[in-house]
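Below, chain A partners chain B and then partners chain C, in two separate complexes.
Take a look at the complex of A and B:
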């Protein structure tokens, strides 16, 4: 049972890392990107395609995933948010559906079919602690999620840029009038979120040994549920909700409720929306 | 491109049109439902199961699909009516995902392997179904109830004041929309012959939402246009021509269209132009009727009583122990500096904000605690300081929305159009009106149900002198018919010129109430205005 819970925590950490990206974008821009899951999937897939084709070393492939994630995510602002306008949140979210389709179908078109891209690196990283077996990749995901959460919260609280980002979420016009380059702020925020998605994607492929185009929504939507359950705009909420969800899903799986585990995030989300719409750790006005 | 002639293309297009109409019926109330695949799936499985087990004829199958999908939508509709914006998107997404998981686990319905159907729907039957759905939806959208749904898209606050029971209409629209999408699902099951849970994923929900968003939500023509565009771009035909990049082009076009056409391919004004000949044909020549006052009170009788009313915004006192009465056939002007609580008082009386203390009584009935739409039915009419016209309703539709129920409402609308000189503007949208015309529309909307008390928030702001005089004449004539009128206005000329009595609010306290002369002579009023303008400034001397 300990093993099941630990595995759940490790799976939950990758949801959390992705949810932090969503919450960062929404927390700053008050906009929802439905293409974040595809950014996640594509950065993993493209990095693997390149690595498999040119025999890149593991570290280079990882850095490539982070870079691609950051670039694709920043592109969301150029192709979706800015053309639609920051003051039309629903239309902006719908536009990112179009972007999600472009990314997912683009990967399929490049690959020629919808099959998964394999992870060919040999990483023998499993180790045992007592009776519990864990993999290095999963521990790395877990630690990274926590570190990223702490760093981003601190960054938002302390740095000039972070303060500008928080102010932007309250009153974009005033921030612009104060001389903050709003566009650059939006692009950078998305890039940071995308970098995290790329990182989380690489750790994900290392664990699952492959990534398929359909994983964009499969994982991305769960992370979206995680963000909303934790509270939109809350780093702490994203991490706690992600870990909890990972454990619950894994335990259900262990109990033999395999077919129903996919319902868990959505049931939790509906309960939270009806009882506490701002999420467990969210601010009421999000 | 001869492939467009294939039966399959036209069949699937017809099914998409039904789904698109269903989507329009809910998004028109401003609720973006991203879980429509759930109702599509429920309709599909219902039709498939009944066909296999009971062998019902086609119309009964589709009716059953509609009913079961509608029932399934009820809890979701209730939940959705409590949510807005991103939370509504998340909630409906969640509902869609849950239903998909549920069907995947329903072993009696084939589980993940899916379900086979023996019966089939032929192309003429698809066409007939599309026709029936289109006619029923048109009847709904052009009815009074349809007007109420459409008003919610623009401004649910103003809709409530116009008498719309906001939550009830929202819940109804999710359910009726789900029924129509359920019919589409049933048709699809019979067309395809085999249904699998994986077909009802989030992409299906997105496609159904995109029919509305790309085509345009403000008309059923838009729904049809959206379905055609999406089907052509995602269908087999284009895939045969362009190959695997077809969907990439589709996604890119979605982004372009959403950015470039905020209202979709068929905007409200475009739809109005398309249907103009039809409207002319249909418009019955209504004898200009007389505005009939439903609740005529003898002049001088107390209509509205406000007793010890208080309200705070985040601890800031907006109204403190305010008491006043308004009588039928009088104009009460409320004056005071910005933030004195004038608009808040109107909000409290009309039910936009709750009063924390005190009581509001209309013709002997306590109305505080009632929602805004019930107060409207009781006889409260109001305008907003920032003119809240419905951007997608024509002048005539706005008036029809607010008119009291009853057989004479057509005549009432005609009479009011004449009275505020907007007859030639009847088919125009508010954006085409001048500031003064918009104000007159706003007042006409508030007055058309012949309320016992009419609350006007800054009726003359932003107007030139001549327009102000016209507004004052309109208000005066409504008063003369026996309405109790409360006017808030910064233009003291207008307020004092019309007023039978004047009330002065200062930091939420009613510091004076009486005849204009007595109030302006009051020491406390003069003191309160020190540092502001002298209240006599601007009074026509």
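Take a look at the complex of A and C:
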């Protein structure tokens, strides 16, 4: 059972990394980008396609995934948020669905079909701690999720841009009147979230050895539940909810209750929202 | 007088030839064409009709040009086009060219239904396809109402032709036939007496084999499935198999029987290898595609896959087919592509014998083709000899192959 829990924590770290991006965008901009899962998928897929085609080194593929994630996410502002307006959250969220579909179809067009892009690097980073087997990639994902949580929280609390982001989330109009470049702020927030999605995608493909166009929807949906359970805008909530969900889903699989895996994140979400509408670590007015 | 150009500007008229000379030249060319047509129409010196003399005969192809089995679909499409090219190059069918009308289902039964009806309305004489048993079950039930012969070359599930009332045919082996050969050969080669059953419960193609074919065949062969009451299952599209493999490793048995699509099988093989699992594996023919080889890498070595195609064929026609397919694609085709090549050749052969051409009424052509197919016996295709039993299932030879260094080779 120890191995099952460890596997769950390591899978959950991927959900957490992606959910941090979701919660960063929503926490700062009060806008929901439903294309975040597809940004995750596309950054991993394009990096792999390029690496497989041109024989790129592993590190370059990783950097490419982060860059593509940041660029695609920043593009969300150009194609979805800005045309609709930052003060129309529902229309903006719906617009990101359109962007998500365009990204997914674009990857299918580049790939030529809907099959998964294989990870062709032969890397073996496995090691054992007692009876538990883990890979370096999994440990890196886990550690990164924690580091990113801490750094992002500190960045929001202490840096000039972080303070501007938090102020923007409270009163965008006042921030704009004070001369803060709101558009640049929005693009930077999205780019940081996208970069994290790209990093998460790269670690995902390194562990799971492939990424399929449909993964964007599947993983993105779980990360959305993770964000809501953890509390919208809470980095700590995203990490704790992600890790918890990872463990729960893995234990169900191990117990032969795999059929419940898809439903459990949403059942947990319903229970949490019934007891605590702002999520586990969200603010009451979020 | 000046002409008006398309923007309304005046364009000067330049006569390169005199008006009269031009008219005479055109008249001479026209007379020449008419004369040639008259000569051609009166020429009855040869008996052999040339393809294109009569209206074409349309054949439908229902396949997956998108979706999860796209690597199968592309090879099947290429094999079908290859058969049509060869048939048309040799005069077509009684003077009519064959034309393929393709419908992409993405492996979805609802899309297959729409595609089948569209093809029938488009005037196809018969349909080759679909790929999966889930699609075939639905389409075969409709074939008697639509009165169109339909023939799959890939769907392995037992009993799917029974609803076809003589209009539905299967030019491949059933799951039971595949494993009646494959399982004892695998067991004998590796000394297997007990096995763990693992399957993708959301993939109808292979879940049917796991549920309905593997248990009775194993029982008949004296192989115990140790987890028959609680098989290890996973989901279509799953990418992380850490816990799945953990469950597998906790089962004590000699070998593993893994029924899934190609991508999941490749990734599962990677995880099995990662966790140090070395037991021998019996897989499913649906795994034998480029996707499986790309995802699985070296970790799919020694997977045993039953097949309807001899990987080292002695037959010249089969070797020529494989060579032609490799020219069309980058790699070896999926074995079942040979069945689809044979489907078209079989349709053409029966239509030739029945005197069907492009002028035959559709209803008559479909009826004659059905009758001809029902009486087919000993047709020599590139994937072996084809004879149908009373339910429309071909009795195929099954070969048992093993993956060695990314290639399929005969087991043993």
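One rule holds for everything that comes next: the second predicted complex is superposed on the first by the 286 of 286 C-alpha atoms of A that agree within 3 Å, B and C clash if a C-alpha of one lies under 4 Å from a C-alpha of the other, contacts with A are read in each partner's own complex, and residues count from 1 in each chain.
Convention: contacts are C-beta pairs under 8 Å (C-beta built on N, C-alpha and C of every residue); 3 or more make two chains touch, one makes a residue touch a chain.
All values derive from a computational prediction rather than experimental measurement.
Chemist: Do chain B and chain C fit side by side on chain A in the superposed arrangement, or is it a clash?
Modeler: These partners fit in the superposed model.
Chemist: Per the contact definition in the header, classify A:129: touching chain B only (first), chain C only (second), both, or neither.
Modeler: In the superposition, A:129 touches no partner, neither chain B nor chain C.
Chemist: Applying the document's definition of touch, where does A:221 land relative to chain B and chain C: first, second, both, or neither?
Modeler: A:221 contacts chain B only, not chain C.
Chemist: Classify the contacts of A:260 with the two partner chains as first (chain B alone), second (chain C alone), both, or neither.
Modeler: The first partner, chain B, only.
Chemist: Check the contacts made with chain A and report whether chain B or chain C touches more of its residues.
Modeler: With both complexes superposed on chain A, more residues of chain A are touched by B.
Chemist: Give one of first, second, both or neither to describe whether A:269 is in contact with chain B, with chain C, with both, or with none.
Modeler: first
Chemist: Looking at A:209, would you say it contacts chain B, chain C, both, or neither? Reply first, second, both or neither.
Modeler: So A:209 only meets chain C here.
Chemist: What is the contact status of A:11 with respect to chain B (first) and chain C (second): first, second, both, or neither?
Modeler: Touch status of A:11: second partner only.
Chemist: After lining up the shared chain so the two structures overlap, which partner does A:118 touch, if you call chain B first and chain C second: first, second, both or neither?
Modeler: Once the two structures are laid over each other on A, A:118 reaches chain C alone.
Chemist: In the overlaid three-chain picture, find the nearest pair of C-alpha atoms across chain B and chain C and give that distance in Å.
Modeler: The answer is 5 Å, the least C-alpha separation in the overlay.
Chemist: Let me check the overlay on chain A: which residues of chain A are in contact with chain B and also with chain C?
Modeler: Common interface on chain A, chain B vs chain C: 108.
Chemist: Show which residues of chain B lie in contact with chain A when the two form their complex.
Modeler: 32, 79, 82-83, 85-87, 89-91, 93-95, 97-98, 101-102, 104-105, 111, 201-203, 206, 209-210, 213, 243-245, 247-248, 250-256, 258-260, 262
Chemist: Which residues, counting only chain A, touch chain B once they are in their complex?
Modeler: 26, 32, 79-80, 83-84, 88-91, 93-95, 97-103, 105-106, 108-109, 112, 217, 221, 224-225, 228, 232, 259-260, 262-263, 265-267, 269-270, 273-274, 277
Chemist: Would you mind writing out the residues of chain A in touch with chain C in their complex?
Modeler: Going by the criterion above, the answer is residues 3-4, 7, 11, 108, 113-116, 118, 120, 122, 124, 126, 133, 135, 207-212, 214-215, 218, 250, 253-254, 256, 258, 261.
Chemist: If you look only at chain C, which of its residues touch chain A in the complex?
Modeler: Touch residues, chain C against chain A: 66-68, 70-71, 106, 201, 230, 233-235, 237, 239-240, 242-244, 246-247, 263, 266-267, 270, 274-275, 291, 294-295, 297.
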